[in-house]
Structures are given as C-alpha cells and as structure tokens.
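Listed next: structures, encoded as structure tokens.
In what comes next, chain A is part of two complexes: it sits with chain B in the first one and with chain C in the second one.
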Partner chain A sequence: MSKMTKQEKKNRKRVKPGRLARREAITGLLFISPWIVGACIFLAYPLITSFWYALNNIRITPMGKSFTFVGHGNFTQIIMSDPDFPTQMIDYITSTILSVPIIVVFALIIAMMLNENIKGKGFFRLIFFLPVIIVSGPILGMLTQQGAGSITAIDTQAISGAIESFLPHALAEPISELFENMITILWYSGVQILIFLSALQKIDRSMYEAAKIDGGSGWECFWKITLPTVKPMILLNCVYTVVFISNNDQNAIIELIKGAMFSGTREKGYGYASAMAWMYSVVVVLIVCIFAVLLLARKDVYERQIRKYKKQVRKEKRLAKKIGRRSARNAKKIQKARQKRGYKTYDGSGDY
Partner chain B sequence: MARATTKWYQNITKDKVRKLLMGTKDTEGLLKMLVIYALLICIGFIYIYPIIYMISNSLMSLDDLLDSSINWIPSSLNFSNYAQAAASMDFWKSLGQSILIAGVPTLCNVVSCSLIGYGLARFEFPGKKIVIGIIIFSFILPSQITMIPTYVLYSNMGILGTLWSFVLPSLLGMGINGPIFILIFYQFFRQVPKVLIEAAQIDGAGYLKSFIRISLPSAVPALITVTLFSFVWYWNESYLTEMYVHGVMTDSGWTSLVIQLDNFQQNYNSYAQTATNAVTSINESINMAGTMLSILPLLLMYFVLQRYFVESIDRTGITGE
Partner chain C sequence: MKKKLVASMLVLTMVASLAAGCGKDGGQGGGSTATSVSGETEEVTVEGSDITYHKATDLTTDDIELTYFHFDQDETVQYLADRFMEIYPNIKVTVKYENVSTYDDTLLTLVNNQETPDVVMFSDADFALSNAILTDISGFYDTDPETKELASTINECKIGCYGTDARYAVPVKFFPGVMYVDLNVLKTLNIEAPSRNWTWAEMIQLIKDATVLDSPDGQAYYGVGVYNRLDSYYGIAAAQTIQGEFGFDGTDFDLSIWAVGEQEFADLATGGYRAPATETQEMEDWAGDWEAWSGATGHVALFTEAFWTYQGTWATEAFQQYDLDIVPYVVPAVSEEDASADHHSIATIDFGGVTTACKYPREAYELLKFMSFGVDGWNTRIEMYNDTSIVNASGLPLKNDVMPAPITTNEEVWSAYIDMYCDGMDETHKGYWEEYFASCMQPIPYGWTSIAGYWNYCDEYFNKIGIHTLVDSGEKKAADFADEATTKANYYHAKAMLEYFGPDSLYNVLTEEQTQLYEQMLEENSN
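After this line comes the complex of A and B, so read on.
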C-alpha cells in the first residue's frame, strides 16, 4: 500500500471517501474514544501541568497551592545542590546500560537452550517464568535485605575484588554490584525468555536443514539464521527491560521523587519533584532511543549486499550513458567538421 | 560358540563414541545435551534459590536460626512464624482488599483495552498511526512524570484514597501497563479474518454486535493473557497503590498484602506491643514468613493456571506472524 506510483496517488485523491468509509471511520473513533478521553486526562493534561509545575516553586498553604515562578530554578538546584539525585541518576544510567544487554543476552541463551529438543521443557519454562509472578518492590527488597538476592555458593567478594583490581573504579563498582545482585537481575528476564522462545519456535526448521546441507556449522546458523530472525524481538526486549527497570519499585530515583513530593521543606515540594520527574523521563526516553538506534542502524548482511550490487549497476548504467553521450557528441563533431571542410565526393554534389 | 561371546566393549569403536558424544547430522550429540541440561538445571536452581531459601527459613524456629549447623532443613516445622506474621499483617483483610485492588481495575482494563484494540485493528480512520505512536510512547514514558498532576487531580476530585483512582484510568485505557494490553488486543484482532465480520454485517449485525458475538469469542487467549497479567501487575504494584489508594501520609483504610509487607517491620512491632500473648520479637524467620504469605496467593494461582501463563505470550502473537 505504501509504495504507490504517482498516478495511483492522483487517482486516489480524486475519489472522495464514500459514505461507508466515513461511517467506519466514525465507528472506529467511537471505539477508541475512551482512549482519546483517557489520553487527554491522564497523559496530555498531566504532561503539560507537570512541566508548568517544574517551572514553579509550589508551597501548600491552608489557602491552597501558592505558585512562585522560578523558571529553570528547580532544574539548576537539582543538578547543583541536591545531595542524592545526580549521583543516583548516574548510578541508574550505568546500571541500566550494563544490565539490559546482560538480561537480553541471557534471555536469548536460555530461550535457545529451551528451544532444543529436550525433555521437561514445560517444567523449565515454569521455573523461568515464575519470577514474573512474584517480582515486586517490597518482596525484592525483603529478599535482598535477608541476603537471598545473591548466591552464597558463589564467592562474590572474590569476584568483585578481582574486578576492582583490573578496572577503573567508576566501572568496577557497577559491575561488582551486578554480580552481587545476580539473582535479581536474572529474575528480571522471565518475560523476555518467553518472547524469544516464541519467536524461535516460529523459525522454519527446514532453513537450518538447508544450511546444514550447504555445510553451515551451528555457529554460522546462529549468526545467519537465528539472529536476523529474532532481531526485532531483541529491540522489543531491550525496550521492555528498560521500561521495567525504570518503573520498578527497587529503583531509588522514583523513591527520591516521591520523597521530594511529600517533603514539607521550603524549596522542595510538587514543583521540585516535577522537575526531577521530567529529568528522569528524558533520561529514560533517551536510553530507549540509544538502544533503538543501536539495534536499528545496522542493516542486514544480505540487504547490504543487495544495495551494493544495485549501486554498482547504477554506476555502470551511468558510465554507459556517459560513453553513449560522448560518442554521440563526437559523431556530431565529425559530421560538422566534414561539412565545414566541404568534403566532396565523387558522386555526390558534383562540383567537378 | 566361543566366538560369539565377545565382550560388549569390543564392539565400541572410536567412531561410534565420537558419534554418540558429538552427534551426527540427524541426532543430537550426548555431550551437547549434557551441557544443556546441566546449564538449565543450574540456572533453574539459581532462579528458585530465593524461594527455597524463603520457605526453609520461614519454617525455622529461633534456635534453628542461631544454630550454625542447621543450614537448610529446620529441625522441626515451626508454623508459628506464619501465624504471627499473618496476625501482624492482618492477613485476611489485606488479602480481600488485595483481590479487590487487583481485580476490579483488571476487569475495567479488559473491557476498555479490548474495545480500543478492536477499534484500532478493525477500522480505518485518519490519524490511526499517530494514535498507535502515542500509545507506544506512553508505554516508554515513566509514570512518575504524570504522577504529580494526577495526584492533584484526584485529590481535587475527592477520589484519592478510594478504589476509583485505579478504576478511572483503567476504564479509559490508561491503567498500569495499559498500552501493552491495547497492543496485545490490537495484534490479536488484526488476525481475525475480516470476512467473518463482513459476513456478520451482511446478516444484519451492527458494529457492536459483531464485536461482541464474533471477535470477542475468538480472542479468548488474548482475554486470558490480559486478565492474568493485569491482575499480577496490579497485585505487585506497590508504588502507585501506596500513592493513590493507600495514602502516603494518611491511611485511607485500603491496604494490600504488598504494602503490608513494605511496612512489615513497623506493623510487626506495633502488633507485638499490643498482643496479649507472648510474641517473639521480629526475626528473619518471621520476615520470610511474611514475604511468603504475601506471594502465596499468586503462587497458588500460578501453579493452577500455569499453562495459560506460559503459553500466553505464544498466543498473543506479540512476535508477529
């Protein structure tokens, strides 16, 4: 539908939408009208209002809310003098960027193992999906508090010690933190495993067979068949993971926002919390954008080859045209020169 | 006769062993399968380690906890931890309210999201792509950004601290994770053949009737998925529940198991002071028993309905056909 020729588009414009089409459009709008109302009340209005809040210092008085316009004052105050927010933000960014690839890769590996022809597939799926049901802020908090969030059998102290001696401190800290909370990180990957698994199950087995007949190894099959097929799911899972991590109750920043919202101090309050929320949301959207750009930018190998080939064909065509034009020009020149000099032929004009 | 009794291992050649371990073109190698099973079992153990830990610790008495020789299996099953934790959490009341807090918005979610998803999938209207774009965008946007004005709005409307503050957005398709549910329904209704609906319309069914009688019955897997996930997500939501329904500074009387767990320490201490009979002071076992109690209803639900949970993502067609 999207690729129409100009002629078709012209024709389409001339035809007015019929009565049925218009009625369908109206019915469709009626069906989604709850969403439109909801988007106005719970999305557009709060977005605008919270931006207005962020530019103000709001104090709750017995008379109601008193607004004082401070412009970017809240934002500068958060960046310059808030004791927790900037450090927590940097922590959040590094830990998200580090743990999202780990979660996604881990989920892909588990899904590929489950996709093999093994016994007890249902049982393993049951286990790997279990965390989705019970994972919630207070429960995770309780578990990590009691020390069930890391495996005692693995000596995390030794691992983090080794990491810290090899890497600079800024990098070592989040990585060793990752190891300490390995279980909680693994617990985040339940939905992702299932998404990958259902994508893997849809790959046609005969593709692998064909590749094997042509002498492809398992490694090559993975890179050339499995990965390109599940690529859209990788993006989906990355986005899901980022959103999940940022809305999780374990996240320190959203607690900070809540704390600022209900603190009775002079400089904090609704305005300050709104400014925090805006900065936080921009960061989350940016992280999602980074992953989207990273995953969407690289084209398929085959697509690239096709494009290369097409480019070459175009180049050759251009060259051929050029040569054609040049030879035509030369031919004309020769013709002109001949006429100028007035070649005479024995039988032609008869100048004798 | 003596020739036939060759030892069994004489038949084994190097080639056969290699084939068995590495596999041939048709069969999987034993080595590969062993590695896969080992990895799966190890990772599976890591997954359920916290739950095993929770169960075993919640059954220990104080002596068992302090005894360093007891690691996993308590010397005697001590259910008094559960009794005390349940009493301090006010278990039955919290359970009932949890079910209400999770169940009512879930029903609203199913109704509104199925309508919206159907509207998007079935009808063509200008601006449809923009609507889908906004839905995806609103999924990425953290809820914190809209939270403060919404809070003010609710308090102006006087529905703060009531269930309405959860029901209203979910009726309008803006509940927790609403965008996901809309997209699931959208994806699903697109797969329902249009011919069916057209046939119904020729037979005289209106738009709403063809939705209820034709499309909805064929979307049962999507309905189940959305119901289960919505229930679980509302159940586990503590941040927004505390903010809108329970109340941050004030106590509206509404509470849920997860919130009770969040405030477990102080709840337990106040319970221990008022209790008539002798109560042990808070310890690890009681903490774990409380945690166990708050996830127990969901665990039971999961084991009863596990088939639907596990197959849900396959069926919703989120991976695209």
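After this line comes the complex of A and C, so read on.
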C-alpha cells in the first residue's frame, strides 16, 4: 500500500463525517458516558485526591479539613519511623508470592475434577463456591479466631519444625504460616475455580479424542492440550488472587492504613494513611507485574518449538538474502573488473 | 433514536442517583446565641409518668432538630430521647447508634461528610481533641446549678477540661471501680471477711490467703479473678494527689508509682494467685472447660470485674445455680489514712460533648445533660430500669444490660437508684451496696478518656513495646521501664497539649504561662 502524500492527508482531514456517523459517535459516547463519568468521579478523582492528601498533613474537623503541605514528609516518616509498616509489608509480599501459586494450582485441580463427568457435579460446584459467600466480611475473621483457618488433622507445629530445620527462619516462617492457614487459603479459591471451569468447558473434546487415538496419555493431554488452553486464565486468576488478598478484610496492612486514617496522633490521619495506601498500591502493582512477566514470558514446549523453528527459518532466509546480495555485489565487481580487464584468474586467462 | 433515548435515560438516572447520594443536608439555618444557663425552669409532667420535670425556659421555641451520636445501650438512649422530646416538643432528637469498635471511624466519616452530629459520646480523648470535634461548653457548665452536684473529682480535678480552663466534656456513663468478694469462698476457706475500709496491703494478703491449690474438693481456689488490671487500680489508689493513670498529677506523669502496682500484679501471676483466664489450657485443666469463666466456678475469692458484671451477670437468674455470694468492696487505698475515708478510685467513664458544628449549643447542652448527669434524665432512667417489661434486643431487662451509676450526688436520685438496684436483695446485702455506693464517689477515669496525649502514648510507645507482657511474663521488671516511660508520657502529653490547645491550634486556649510550661516540658522530655 502506497503512503499518502501530504496533500492527500490534508484533504482527508477536511472531509467531515456524515450526519449518521456523528449521530453514531454521539450515541456511542452517551452509552459509555456512565462509565466515563463513574471512572472520573470514583476512580480518577479519588486517586488524584488521595495523592494530594499523601502530600499533606490533614485534620478533619467539623469546621472543615485543615491541610498542611508536608511534601514527601509522610512517605519519609512511614519508612523511617514507623516500624510496623515495612515489617507488615515484607510479610505481605512473602505471603502473597507464596500463597498465590498455591491457590491457583489448587483451583485448577479442583476445576479439572469438577469438569469430569461425575454425579452431583452441580452440588460439588456449589460446595466449592460457597466459601466465596461465607468468607466475605467479618465472618472469616470470626472463623479464623475460632481456629477454623487451619487443618486440625495436620500437626502444623511438626511441619513448622521440619521446615525450620532446613530453611532459614525468614523463609521458613511464611511457609509455616501457609500450613497454619491452609483452610483459609483454600477458601480463597472459589472464583478462580469458576474461571478455570469456564475455560475448561470451552476445550474441544475432539482434541482429547484425537490425542488419545495418537497414543497420548492423560498426563500428556494435560500438558499439551489443557494447560496451553487455560494458560491465559492462569494469569487472570493470579491477578485476581493478588487483588483479592491485597484488599481482604484479613489483610494487616489495610488494618494499619485504617488505623492511621482514624488515629488521634497529629502526624497521622488521612494524609499519612493516603501515603501508606499509595506505597501499598505500588507494591501490589509490582507483584501483579511479577506474575504477569512470569506467566507471559513462559510459552509451552510446543509453542516454543514453533517459535524456535520460525526463528530458524527467518534466520536462514536472512542468510540466504545476505548471500544473494553478496553474490550480486561480487558478480557486479567481477563484471566491472572484466570490463576494465583488471581482473585476472590464477591461470591468467581471466575466465572464472 | 431508541438507542439515544436509552443512553440519555442511563445518563440521567446515573446523574440523579449521584446527586441523591452525594447530596448534603441543607442545614437548619439560624442557630442560637445563648452562652449560659439561666437556671429558670418550669415544672412539666408527661403522660404515663409520675416524674415532675424541670423544663428549662431559656431554650429556643423554634422547631429544631438535634442529632445524638452514641455507643451506649441503644434502647435506653432511645427511651431517654423520646422523653426529652415529650418535654421539649419543638426539639426533634435523632438518635444514631454505632458499635464502639467502629465508632470513631464512623464519627470521623460523618464529620468529613459535613454531617457532624450535635451531641456525641466518645471514649478516646485524643481522637476527639485532635479533630476539634468538641466545643467549649464552659459557659453552660459553669452556670448550671446541677453541675455542682457532680461527683467531687469531676470539678476538683477538672475532669473533662483536659488541662485547660475550658470545659469540653461531661461524664455520660459512670461505672465506679469495684472489687467483688465472694463471701462463700471465704467461708469455705475459713477466712475472715476483710474490713470495709481495707487497705491495698490487706487486699493483697487476702488474695494470697485465699489461694489454695491443693484444696480438699479437688479444684484449686484462687485469690483473684482478673478482668481489669490491678496496676491501673494501684496507680490511682496510691495517693490522693493523683488525678489520672500512670501517676498523673494534672500536669506530669510519674510511672514509678505505677511500676509498684504493675510489679505486684505480675508477681501475683507468677506466684500462681491469679485464676486462669478463659480459653486457655490452664482453664481447661482447672475447670474442665476451655471456655469456662472464673466468675462461675465458686472457687475465686476476689474479682476485678467491671461494675456492670454484677447486674449483667451475677444478679441474673441464670447465675443463681453457682452458689456465689458476691458483695462489693470499694477499691482499697494504699495508705491507711486514705483508706479510712472516701478516696480517689479508678472508674470507667465515657464522656460526651457538644460538637463544634452544632448550631444550637444551648439546646444541645440540655440534651447532653439529660442523657448523662441531669437529675431529670436519671429519674427517667430509674423509671425505665424499674419497668422490666422494657427489654433489649436479647429480651433482657435494661437494668441487666450495662447499667451505669449516677454521677450526680443528688440524694433523691441515689435513693431511688439504690432501691431499684437492690430490688430483691436482703437487708444485709443491700447494706453492702449502700455502703459501697457511698464510698465510690471520687472517681478518676482511665487515662485515654481524660488526659490529652495519653492514648497516643500508649499506642506508639507503651503498648508497642509490650510492657505489660514483658513484666507479666517475668522477663523484665516494671521498675526498669519507670524512668523512660515517665519521660515518654510527659513528652506525649506536652506535645498533645500544644497541638490541641496551643497558640497554633484550632482551640488556642492555653495561656502564655501554660504554653511555656508545656514547651519546656516537651523540650526536657524530647530525648
């Protein structure tokens, strides 16, 4: 396709859209305007406001808010003089990075089981989704307080002891906590199971049949058919799980931010809490990015082989072109030399 | 066209709902300008009640609305509000209840949304003062004859003034400090009941004497069952000059006093004199039930339970089966001299005030008084407590649901209160209560309700270090912390005084001398 000339571009700009097109554009805008307005009011405005709050010391009084600009003071204070926040943040990062894969893998296994042809499939699906309703709100907190967060049959003390015997304490502690809160972690997987289930149900059964005819085992079918198909959902579920864990009622950092928000201490308050929230948001985004990078970069073996092959073909083509160009150049040189008669062969005849 | 119509309707609906959601109260306009209480009243009665009310005549006659925000017993407050509206038909009172755990958060959200209630209860003074929620009610308080009848320490120690010359709060709910003694346990163990004017040392001795780990009935007896910590009690009981926790004398803290009580309390734990706590292995081993409460075992001599535990638990029918004979003792003073007379003792007091956003402070003050210490309000309460048909959400009469004691010393109120409180008791036990009530009227509230900077100090230093845990476990001695903890407490107090009331603050009520004092205190204790 040839490029447009400047004049053509100029002329194109001058063409006004027709009435119908304009109407459609306005209708479209009207349809998405609730979202735009909502996003502006409930997303952009609070974001900008909270960032402005983070740069100020704020007291909320019945006479109005009093702002004192402190620049990065709130951020500095959180890092330098609030021992709780960095400690909780490290705990949060390690526990999230460790528990997200567990939740996602568990959800995938359960989804695959629920996708099988078993009796009472709907009932089992209901059972696994019920915690999503139960764990919302303060109920989970109450259940955890009652010790319902861990599997009683598992001797968590023994597991913790065993882990600590071969791992450094800093790493052993979050892993031990995983075992102590195993039930809670598994309860977090209800929505992820549904997402995986929807992806699994879209896989064409004939692919499995074809694979079986070619002698593929169940294990191979999983790696070659199931996993590549549900892979986009793994990333989606990872993101969902990170966001869920980060905004959960049980999250200690959320409690810390809320505590700072309503604290009577003059240094704290909305400004300090906003600074904490921003720092926390950045960390959450980074964790999401880590999972995105890990999962987007990983291609399955088949795709990797195809990409490798395509890369090889492209390389060979480039080499062939290069050789072709070089040969053409050499041929031209020889031609010129022949014309000038400056080129001689070893035997002196001038013929190649 | 249809699409456009649908889209337009969507937009309109959304904008309308947004406007409705974000709409603010237009306010009541006007406002009253009264700055004092005239004291002039007219007698009124309301239908269905024998009480003669003293209706203040200096209140507005315009139709106004007041909001009362609280974490009190909701049915009680609603009953009082209804009666207030019957006395003052032109004033509409809207009662808003919030659970104490989310109370501050909700109140601040209301303030942020410019929906500040007119009258509020609070327990954390730092929260209320740092956000300038409370307005100065000195004008009303000082000219109100009823405030002269309040428990003596409220005016003498200027409780509710927070170290200033202005008054910001009045006590709303008063739960005097009490030591409960189970006479049946003493009888079983052949221990003589302590003197009614007992001293701190006698109390400790009783705890030790009543601890019998190898009792003949197979279940150990313990000296004390703990709800409130004894170190808090000791901090007030140590001397009559003390006006607050941690040895606070009105300006400075001295935690060397607290350290004695803290260490003594920790020693009781390590010495095995304290009954096991609920939901511990020790409790299961002792009482055979993980969730058992020491107050129901009949094997504990003394309890540091709250005032409301008696009517709320021990006096209920369900507890008659446990064969307990619980009687109240006043919290003992440390010195014999103090113990022989009425003395300062710790009390749980929740405060209330009129907010800075209130447009009708005179009327709001009258409402606050009716809900807290006012004689008319208390007569109404007693009438309500006597009526056992009025019950809470659990079907329990309101008398059994965290009932406070009157903070007024008005004799009529007290006489009616004791009759109501001791209904069904024999003369001996009524005598115990009468004696106790006559000796508990020099209350000193917990620090977080009455001292500026106290909660911030606990939040950022005392509790963060975990001093109680360290001392209780025997890991550290309380005296090790006394000096540093005193310095920190003084620092936080001085800082709070300057921030809340100093020249650059919203209140700006400190005199030059007071400002200099706190600045110097801040400097001296800043390291």
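FYI, the second predicted complex is superposed on the first by the 275 of 352 C-alpha atoms of A that agree within 3 Å, B and C clash if a C-alpha of one lies under 4 Å from a C-alpha of the other, contacts with A are read in each partner's own complex, and residues count from 1 in each chain.
The rule is short, and it goes like this: a residue touches a chain if its C-beta (ideal position, glycine included) is under 8 Å from a C-beta of that chain, and two chains touch if they have at least 3 such contacts.
This is a predicted model, so every value here is computed, not measured.
Undergrad: Using the touch definition from the top, say if A:Leu294 reaches chain B (first), chain C (second), both or neither.
TA: The answer is neither, since A:Leu294 touches no partner chain.
Undergrad: Taking the superposition on A as described, I'd like to know which of chain B and chain C A:Val313 touches: first, second, both or neither.
TA: neither
Undergrad: Could you tell me if A:Ser50 is touching chain B, chain C, both of them or neither one (first, second, both, neither)?
TA: first
Undergrad: On the A-aligned overlay, A:Ser274 touches which partner chain: chain B = first, chain C = second, or both, or neither?
TA: Only chain B; A:Ser274 stays clear of chain C.
Undergrad: Just chain B (first), just chain C (second), both, or neither: which does A:Thr61 touch?
TA: Touch status of A:Thr61: second partner only.
Undergrad: Quick check for you: in the superposed arrangement, does A:Ser263 touch first (chain B), second (chain C), both or neither?
TA: Only chain C; A:Ser263 stays clear of chain B.
Undergrad: In the superposed model, does chain B or chain C contact more residues of chain A?
TA: Of chain B and chain C, B contacts more residues of chain A.
Undergrad: Please report the chain A residues shared by its interface with chain B and its interface with chain C.
TA: 26-27, 30-31, 34, 37-38, 41, 65, 258, 261-262
Undergrad: Would you tell me which residues of chain A are touching chain B in their complex?
TA: 21, 24-32, 34-35, 37-39, 41-43, 45-47, 49-50, 53, 65, 110, 113-114, 116-118, 122, 124-139, 141-143, 145-146, 148-149, 151, 182-183, 186-187, 191, 194-195, 197-199, 201-202, 212, 232-233, 236, 239, 242-243, 246-247, 249, 254, 257-258, 261-262, 270, 273-274, 276-278, 280-281, 284-285, 288
Undergrad: Chain A touches which residues of chain B in the complex?
TA: Per the stated touch rule, the residues are 25, 28, 33, 36-37, 39-40, 43-44, 46-51, 53-54, 57, 112, 115-116, 118-120, 122-126, 128, 131, 134-135, 138-153, 169, 171-174, 182, 207, 211, 232, 235-239, 243, 248-249, 258-259, 261-262, 264, 284, 287-288, 290-291, 294-295, 298-299, 301-302, 306, 309-310, 312-314, 318-321.
Undergrad: Spell out the part of chain A that touches chain C in their complex, as residue ranges.
TA: Going through chain A, the ones touching chain C are 23, 26-27, 30-31, 33-34, 37-38, 41, 59-63, 65-66, 258, 261-266, 269.
Undergrad: For the complex, which residues does chain C have touching chain A?
TA: Chain C residues touching chain A: 3-4, 6-8, 10-11, 14-15, 18, 104-105, 108, 111-112, 114, 116, 124-133, 355-357, 455-456, 459-460, 495-496, 499, 506.
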